[in-house]
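What follows is a set of structures to go through.
One chain, subunit A, appears in both complexes that follow, with subunit B as partner in the first and subunit C in the second.
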Partner chain A sequence: MRREAPKSFADYTPLLFPGLMLVVFFVVPFSTMIAVSFFKRNPAGFYTPDFVIDNYARFLTTFFAGVLGFSLMLAVLVAVCCVSIAFPFTYLLTKRSRRAQTLWLVGLLSVLSLSEVIIGFAWSTLFSQTAGITNLFVALGLMDKPVALLPTFGAVLAGMIYQALPYTILVLYPALVRLDPTLLEAARTLGASPVKAFFNVVTPALRNTIVATLIMVFVFALGSYLLPQILGRPRHWTLSVLITDQAIYQSNMPFAAAMAVFLVLISLALVGLTLLVGRRENAL
Partner chain B sequence: MNRLISTQVSRRSVLGAGLATAGVLAMPSILRAQDKSLKVGVYGGYFKKSFDEHVFPDFTKATGIAVESVAEPTGEAWLVQLEQAAKAGQAPADLSMMSQTSTLKGQSTELWTPLDTSKFKHYGDLLPRFINKYPDGRVAGIGAVAWWITLVSNTDVYKEAPTSWAAFWDKANEDKLGLLALASNSFLLEVTAKTFMGGTNALDTEEGLNKAFEKLAEVKPNVRLWYRDEAQFEQALKSGEIPMGQYYHDVTGLAIADGFHVRTTFPKEGGIQDSGNWVLSRASTKVDEAHAFIDYMSQPSMQGVMSRKVGTTPTLKKEVLDLTPAEFASVSSDIEPIIPRYDLYTSKADWINQKWTELIVG
Partner chain C sequence: MSGLDINAITKAFGNFIAVDNVRLNVPHGTFVCLLGPSGCGKTTLLRMIAGLEEPTSGAIVLDGEDITPLPTHKRNLGMVFQSLALFPHLSVGDNIAYALRIRGASKEEQKKRVDELLTLIHLPGFADRPVAKLSGGQRQRVAIARALALSPKLFLLDEPLSALDAKLREAMQVELRQLQQRLGITTIVVTHDQREAMTMADLVVVMGHGRILQAAPPIEIYRKPADAFVADFIGITNLLPAEVDSAGRTTILGTAIPGLAMPAGVTRASVSIRPEDVHLGQPGSRAITGQVTFVRDLGGTIETFVEVGSTSIIAVATPRERPNVSVGAKVGVTLPPESCVVLGS
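Let's look at the complex of A and B:
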């Protein structure tokens, strides 16, 4: 199929609808947020339109740098863990029968119907001392007495991986299902073991998909604000938690907006960097 | 719209014309224009359930004004929503229950319609701390409900009731406490000042505040959960997972009545008394209905009903109430309360918030 460059205005019309949606649901809200981030905060009330950089200045401290650093680290870790678990899982899933695949996918989709609140409370019960899994370990003779597994960093990580894993699998699934089987057959014919073929053939062939999935999970995890509160200590709170505090509890919209703009810019920069590195590697 | 109906055309002819005009029928406000109604925002969950059950039906019976209750979130989310809506001329609720800090913040943008106190028969019986005034003396809000934050503990874990807020600082309680996560809803600075610094006046100066923060930092190792969401702590308190902390006296009372092994204690330094006001959004047109509602709620008999059925503390003088001494004791205490320094959360809001966040996160 040959693609012709669009010539007349009419050729561009299919772009109108997505373009309009992008403007309405992204450009307008995001511009509003940027504008508000420069407004002047009135501590006794709300804010007045103005152009001040106080909100950004307040953010530039080691304290907020630490929180931002932690949030980014957590999101990267969740993304890496999710893809490391989901990629082999999805690969093996595509080798099952059609029926088994459907059942698994329906199961995964149903996990998506759980809200963050339910996931948070379920895991907090599971990790608790009074009703948690350690009671099971005690009953099995693996432990002496039940202990609380939260609030810990591990609990936060587990909750967030659980929440993001179905998305990861659903994003990876189409690419893996469409993977040309002859690639693997060739590898096997040339004497590669299934494990070797997976790592040396399947993984490199899908490198772009993997990078795209990592980015998606990273962005998804960056917005999490409930699970770190329910499963972690204050030092595990992400920047999103502090943004919520400012917006909801302190009604300091300008500062909340400035923090959010900062978070968006940093994550866009990271995503850009990842793509840049990926492109350079591909070019070699 | 009321005027349109009463002066130019009869209600019947509007209805007749409406049959031909789908657009008119799509506006139910016209069809119901003659019914008196009021949208009242109350804190979602327990308060809303109690008001729907014990308050609103009787009010409608007594006055003929229908009430639509709106569940509002605690914190300042509702204030922000009301403010945004008022800018657009909308009122998601006419009257709302509003915390003291939020009432003060709303004052700064004239968000609240000043109330005409001559319409409240029992205005003179209200305790002065339950009348919220603009700086120029106009009344911005009238006490709606008052409640206590007390020292709560699990009776299985603590056989003896703690007697002082100082228990939070006890090294024996390491990793055992659940405290509210914000300076402006936990009022722990006030607790620190009253317990160790002779009273909340110690917070008048920045030096005093710094001292209170320093003292409060010693509590950190004992805190297992800094909660924003009540359910999070209540569950853990009942199960003994987090056996001590600060919590609402009324809700803890309900948990005791349900047989859970918890207790609520008024420490010798006093419980924290917080309260909410009835405030009227400036975008609301239901000024008369709103006054009728506040008047109804401020009657001694209604305050009695609230104390007995909802467990809130009366906003009126003790003398005019019909509560028995035992009933009064269950919703209040003769120990002098710790009254939060609401002024700090408007005048020094950002400074305190920043110090506080660094204290608990850092």
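Let's look at the complex of A and C:
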């Protein structure tokens, strides 16, 4: 079938609706945010239209650099952990019967129906001293007395991995299901043990999928602002938490907007860098 | 003992028996074709030899060593898959060198072997190309070279040529056979194409319903099929009912065939006769009389369809051997007794 390039304006009409939605729900709010980030804060009221770069200048302190660094580190760590857990898991899942696969996927989808708040409080109970899993360890004789596992960095990480894992698996699943099983068999006939074959055939054959998934989980984790507050200490708070704080509790919309714009730019830069590195390695 | 011994191998998937008590001896350096319709168990048998399926019972012995408990990667074999399974992320050279790299061979050693194999498959200088840029026939050769990289004891191919077009397939059959003879490697090919089996094999193993129906050199399979299934599967044949009449003569379609003897105690059997052995002539008392219903003139050969009662007989001849017969003509069909094979039930 040959596709003809659209000629008249009428040929573009199917794009009208999605285009309109994109403008109304993305272009307008995002432009507003960029505009607000240059406005001047009015402590008495909200903000006054202006063009100042104070909001961005305020950003250049070790405190905010630290928070930004921590947010990026946390998001990268969540992405790496999620993919390293989800990739072998999903691979093994595709080897099960169709029925077992369906049951697992339905189970994982049901986790997606939980809100971040519920996940946060569920984990905070689970990590607590009074009702947490350490009581179970004590009962099993593994520990002497129950301890509180939060607020800690580990608790934040665990909660965020739990939240992002179903997405990771659902993104990896289609690619792994389509993978030709004879690739692995071929590697085995050539003298590779199943584990070796998994690492030097399955993983490289799905490189692009893995990179795309890492980026997706990274972006997803970057936006998380509830779990760090529920499960972590203030020093485990991400930039998203500070943005919420500035926007809602401090009523400093211009500064919040500036931080948001900055976060978006940094994320885009990192994603671009990842793709660039990926392409260069592919070309070799 | 040298060679491959398949000792009473059975494979059951639940209630379905895919391979049923198969015994086969393959002497060292033999080219074997496992031939049969889809679902006959030939691929399962090959995968068990490769270690990709575990047999339910029985043993596979290679050069005197029982390899049944060995995992695939310790069996020292090369295998070409139907999908070829070339690694998409590696170049032609890296695909071929994969087995060497796994063994930790040095870079120079890898390069030397890759160059050797590329010359063997007539693709010198292709080492740096990505596999996605190859044609069907080239990919086929690369898959063969990759499987041969470690000079394996056993070379297994699962429907290796099925993705190629007819012309290329025929050429590759000849090439594969010549390659096998040059290397003297024990080779097992799974195919459903009887022409392919006839072209390449020393030993054709015809399978049906998980069992070996006949294992013999190709020409013997063609000339002396063991039963109606084999006769029908290998080439075109006429399967005709034969009976012993009250006078003790063997008759086919009511006409006595002097010189055709039935096994003792058998009064009814099927007889297979190849179309090129059927002679057509003038109707007479010693021939079976029939009517020509269709003539297929293919230039090189002429196929004549003759109807005798409700039975159709096909006769094949070259234009030089047979004057043109027209549709509707009455002809006498003669069946030389030495070409008739009485089949077991």
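Everything that follows uses one rule, which is that the second predicted complex is superposed on the first by the 262 of 284 C-alpha atoms of A that agree within 3 Å, B and C clash if a C-alpha of one lies under 4 Å from a C-alpha of the other, contacts with A are read in each partner's own complex, and residues count from 1 in each chain.
Assume a contact is a pair of C-beta atoms (placed from the backbone, for glycine too) under 8 Å apart; a residue touches a chain by one contact, two chains touch by 3 or more.
Remember, it's a predicted structure, so these values are computed and weren't measured experimentally.
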Could you classify subunit B and subunit C on subunit A, in the superposed arrangement, as clash or fit? fit
Considering only the touch criterion stated at the top, classify A:188 as touching first (subunit B), second (subunit C), both, or neither. second
Who does A:258 touch here: subunit B (first), subunit C (second), both, or neither? neither
Identify the partner contact of A:79: answer first if only subunit B is touched, second if only subunit C is, both if each is, neither if none is. neither
With the two complexes overlaid on chain A, check the angle at subunit A between subunit B and subunit C, Cα centres, nearest 10°. 150
State whether A:207 touches subunit B only (first), subunit C only (second), both chains, or neither. second
Have a look and say if subunit B or subunit C is in touch with more residues of subunit A. B
Of the two partner chains, subunit B (first) and subunit C (second), which one does A:172 touch, if any: first, second, both, or neither? neither
First, second, both or neither for A:156, with subunit B first and subunit C second: neither
Touch check for A:245: first (subunit B), second (subunit C), both, or neither? first
Partner chain in contact with A:235 - subunit B first, subunit C second, else both or neither: first
Quick check on the superposed pair: does A:67 touch subunit B, subunit C, both, or neither? Answer first, second, both or neither. first
Minimum C-alpha distance between subunit B and subunit C after superposition, to be given in whole Å. 47
Would you pull the subunit C residues touching subunit A in the complex into a rising list? 50-52, 71-79, 81-83, 85, 87-90, 98-99, 102-103, 146-147, 149-150, 156
Could you list, by residue number, the parts of subunit B that touch subunit A in their complex? 75-77, 79-80, 83, 104-109, 181-182, 184-185, 224-226, 228-229, 231-232, 235-236, 239-241, 346-350, 353-354, 357-358, 360-362
Under the stated contact criterion, what part of subunit A meets subunit C in this complex? 180, 182-183, 185-194, 196-197, 200-201, 204-205, 207
Listed in rising order, subunit A residues that touch subunit B in their complex are 41-46, 58, 63, 66-67, 121, 124, 128-131, 148, 151, 229-230, 234-235, 237, 242, 245, 247-253, 255
